[in-house]
Amino acid sequence: MKLYEFVAKQLFRKYGIATPEGEVADTPESAAQIAGRLGRAVIKAQVLTGGRGKAGGIAPVTQSNALETAKRILGMSIRGLQVRKLLVEEDKSPEKELYLGITIDRGKRRPVLIASRLGGVDIEEAARKAPGSIIRTHIDPLAGLFDYQVRTVSRRLGTDVGDVAFRLYRLFIERDCTLAEINPLGVVADGSLCALDAKITVDDSALFRQPFMEEESGSPEAIAKKHGMSYVALDGNIGCIVNGAGLAMASMDLIKGFGGEPANFMDVRGGAGAEDVADALSIVTSNPNVRAVLVNIFGGITRCDEIAVGIRDFRRRMDIRLPVVVRLTGTGEAEARRLLLSTGVIAADSSEDGARQVVALAHQP
Amino acid sequence: MAQGRWWLLLISRDTRVIVQGMTGKAGSFQARQMLEFGTNIVAGVSPGRGGEEVHGVPVFDSVEEGVAETGADASVIFVPARSAADALFEADDAGIGLVVCITEGVPVKDTMRVCRYFEGRARLIGPNCPGITVPGECKIGIMPNGIHLPGRVGVVSRSGTLTYELVELLTRNGIGQSTSIGIGGDPVPGMSFLDALSLFEKDEKTDAVLLVGEIGGTSEEDAAGFIHKMSKPVIAYVVGITAPPEKTMGHAGAIISGRSGTAQDKIYALEKGGAMIASGPGDVVEKVKRTLAKN
Amino acid sequence: MKLYEFVAKQLFRKYGIATPEGEVADTPESAAQIAGRLGRAVIKAQVLTGGRGKAGGIAPVTQSNALETAKRILGMSIRGLQVRKLLVEEDKSPEKELYLGITIDRGKRRPVLIASRLGGVDIEEAARKAPGSIIRTHIDPLAGLFDYQVRTVSRRLGTDVGDVAFRLYRLFIERDCTLAEINPLGVVADGSLCALDAKITVDDSALFRQPFMEEESGSPEAIAKKHGMSYVALDGNIGCIVNGAGLAMASMDLIKGFGGEPANFMDVRGGAGAEDVADALSIVTSNPNVRAVLVNIFGGITRCDEIAVGIRDFRRRMDIRLPVVVRLTGTGEAEARRLLLSTGVIAADSSEDGARQVVALAHQP
Amino acid sequence: MAQGRWWLLLISRDTRVIVQGMTGKAGSFQARQMLEFGTNIVAGVSPGRGGEEVHGVPVFDSVEEGVAETGADASVIFVPARSAADALFEADDAGIGLVVCITEGVPVKDTMRVCRYFEGRARLIGPNCPGITVPGECKIGIMPNGIHLPGRVGVVSRSGTLTYELVELLTRNGIGQSTSIGIGGDPVPGMSFLDALSLFEKDEKTDAVLLVGEIGGTSEEDAAGFIHKMSKPVIAYVVGITAPPEKTMGHAGAIISGRSGTAQDKIYALEKGGAMIASGPGDVVEKVKRTLAKN
């Protein structure tokens, strides 16, 4: 789960990492009022995506243009996300901008502290353009970050970031982060460090022990998540319901290979029952672009007969005319075939067969 | 606590398996499946349920007791995500040499701690994985029973159902498997593709390897460099070509960030490393067949 | 450094381990007043040694006898230690008494959690009499105490001590303890757990990062410690000043072997200079029983010539007539011999020679 | 990070040594002593002092740089107690195979963490120890230079000056040493008596071992059981017979608690294990002489 910048900065302050003074506003008026109190201020759109700066979602303001700027940014949408909140902060004008972040090196199975003199820019871009400017320090997940490691990083950066690095690591570990990033970390006039931006992603699997509130939302993604499934909306017209992320992606690749366009990614996960499949069908068919649906289930923990019951019930209940191609194999397969006989769904033999058929159906006028 | 309890590639009918979380719904169901497969399950573990039996297998309160009573050397974990790491530490402390963690949703911090703890000790497959199967010998995990056929192709994959699908396809086409390993789709896995390839390279019963990758991370890329050092051919199939960047495709932790980790990058790296690239399930069968014919 | 029971219990409460309600008193009157407020109370002598119970330093009191009991205990000395403070606590009358402690297993190089159903008695005695009653659980110093370990301990104890065990381990680690012991850990009427006694020893080497106050004291032990030396008073009449604990003990063993009795153990540590030796001589000769002194130095980090200067200066300054046998060897040996020529100290060739000579001198009438 | 960087018993004139804390008073003094002994000191490390030289030896900011530039494979630590653990972690991370920690007063928690971290990786001697000397070859530590003589007796001891005294006595009596190891007197030592005995047993240059113990802990008792498995004779000398129980004898951590850890217990255990017990320095020489004559 990604945190908003202002939430991440609250966390920073809790862990003793300095941030600019600031407040959140959701109306232009309150934004202007805060800006007035702060003097030189910056208004920053609060959306969970990068590229806010380039999109014009971050702007320094004066007393005279704060209201107008706040209005403009609150009206924006950045990468498809509507701006609903603004962070109004004092403008720190740092003398230097560094990069400091902690993420997970999957290959090394360890957290990695990343630092660079080239702060304030996209770190992946910096890594491509000036690989030598990126300092990587792997952290032992049992022993923690060592003094000598931070000393070496500070020496190579030319700035002592020891205190901030230790605090950031503590936050990263205690709050189950997969990313905790300060970019830029500003070195301000008095030599002190200040986190000018904050990006935190919390491990979804650890939310049970973290006090973050999941955002409530009626989006299909959120509904799927609540049902323990994964759903990602895409641009095509073929709905997909598959168990297992790998098989789901394989199915999408096959659909594309046959000239079709998937309308979504959906992984119903292992052990899904009849009701789960019905829910999945509701979510997938709530997308008005969908012209046909592929259900591709390889039974294991998931029982094919349960899936069949779910499909049958959904079709009975919803009276939906959309063509559904079903490919079921594995545990409970025979019973599933029997159950689906009279439901009008189209049976497929294999993933490839299913993909071929559903593409053909979606192309029908 | 002993150093160097590295597992042989091949589990066998003699491997003595403990099921942690045996009295739970999934644990009990899958234990029965494994027993039916022929796996030598010697003990179950469920704290507070010691003395009971499940499917005729004795249940113990702790792994330590289970090992002491039965001489178990492998373990498979079905406990809930929030106590999975603890079960893994317990298995290692009890001297288990191979631990397969089926549990999904284990926090990545826990997995990193466990992987570090296991260094030089127990071998971990998973978490969030289907486990390991040697057809005709032993299954530790949740792969469906009917899909396997003894043979000489090693299969290693990050996904679950896609693996079943491919293994079944191989079987239907008369191509047997030496060992099938589902390493799991979590961001930080115990066994990596590279680990699995090294094992298959050493395994006398394996002639060729099928590697099934997916978007996210760089586990495929990390393994690619090893392929040209192998004496055995590798056929690779990577899914997620149609996945848009910067989206999370399911719980598998398949996150694309920037340019690295895309299916295209993986395919490029694997091909450069010397793997044959299959374009789909059908092509997998074709390429494996052709490879075996050549050898 | 050992902590007083009442200090250890303050720490327990800070870490969320329940203790009986109570207060410290240093006069019989205030002790009686506290006891009056508490109702059923226990008065416990605060001294840094075991065996308080057997010595009569712990007594339950009523309103009527609290003053008298407090007076009696404040007048006691237990194992040579004067009782100066009392802990007055509510009397919990537990239903069960367990043992729970954490110490260091030197051989395994790990902390070890020790638990037993046989609380309230000397644990080493319990270990001898009923070895099966002792549960030992080694703790990985990087990974920490695991849930499953505490669960196993609780199951074997027949009481869930999970919460207390984790808190005790956190205290043990964060406060650099070498011993953190609850004996007895009472199971009281409502089933909750209460630490009825508390024994904590803090690693002396870690005091630089622990906020405990070292007790101020004018004892020779304390003065030596302040000078970075180790001194332990013994019953004999031969003062010993040696560098290195092993060589010091060897010297004492040799003295005993020749029929003498060491008056003390003293290790002046590596790198001692002239002033340190002079200080050591002051401390050792402040013991009125001392009839002769052996200085046994094997130079290495410690320079013999520096030691010689210290001895010479001390003898010049103090005009002490005590015979001093000096054995110096190693770095700066030749110069040291020259320096000591005119000081009247007796030279020895080896540790054995030094011990033989100093015993002979101590035996002179 | 590599597994299994276990050190051979014998350091040699080819061992490339780094001095951590080289610019400090003790570090600089002892570095000179080691250089005079003939130790191949290739680098010093002092954060922030990189680029300087001490006794003609280049100083680096980090062990990693020192290793990269000089190929060092051993390290000796003179940094203050509060940063000793950090220096030890740094040495191990840099791939150093043998680390000798001279520093006194290292918190025992730090040492436990370091010992756990080093498992299967670097070998640690100390902390609070005099180090290791192979006469005529290499000295890593602070034993005085003049006391050694090449020969075939292995010496292992918990104390510092007492070791020097005994080594010098041996030398004066014409008895040479293969290797002398001071494992240090801290409650939790890296190398134990047992570790040292195992090494001496395997060492072709050692004919007999002198073990010097002292009260406190059970390190002598833990090693005693190994002696009767050894092909080489062991002479043991234990000090602290006159030490009263329940007193701390110096900083060496020699704490007697209860019945275990007394000199009497240790002597009993060592004798039962098959060691010859020496009653004092003179007796040590006598017993070693007699033992060598028999072989």
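All chains are identified by letter, namely A, B, C and D, in their written order; residue positions are counted from 1 within each chain.
In this section, a contact is a pair of C-beta atoms (placed from the backbone, for glycine too) under 8 Å apart; a residue touches a chain by one contact, two chains touch by 3 or more.
Nothing here was measured: the structure is a model prediction, and the numbers come from that model.
The minimal number of chain-to-chain contact steps leading from chain B to chain D is 1.
Interface comparison, B-C versus C-D: the pair with the greater number of contacting C-beta pairs is C-D. For the pair chain A and chain D, the distance between mean C-alpha positions equals 54 Å. Each chain gets one centre point, the mean of its Cα atoms, and the points for chain A and chain C are 57 Å apart. A separation of 27 Å divides the Cα centre of chain C from that of chain D. Within chain D, the positions touching two or more other chains are listed as 113, 117.
Contacts with at least two other chains are made by residues 140, 142-143 of chain A.
Chain-to-chain contact here is organised exhaustively, every possible pair of chains being in touch. On the side of chain B, the complex with chain C involves touching residues 47-48, 61-64, 83, 86-87, 89-90, 93, 113, 117. Of all residues in chain C, only 142-143 touch chain A in the complex they form.
Those residues of chain A whose C-beta lies close enough to touch chain D in the complex are 140, 143, 146-148, 151-152, 155. The part of chain B that touches chain A in the complex is made up of residues 26, 29-30, 81-82, 104-109, 111-113, 115-117, 130, 142-144, 146-147, 157-165, 168-169, 185, 187-188, 192, 212, 214-215, 217-219, 222, 239-244, 247-252, 254, 257-259, 279-282.
Across the complex, chain C meets chain D through its residues 104, 106-107, 109-111, 124, 140-142, 173, 176, 178, 203-206, 208-209, 230, 232, 234, 242-250, 252-257, 262, 265, 267, 269-271, 297-302, 329-331, 350-352.
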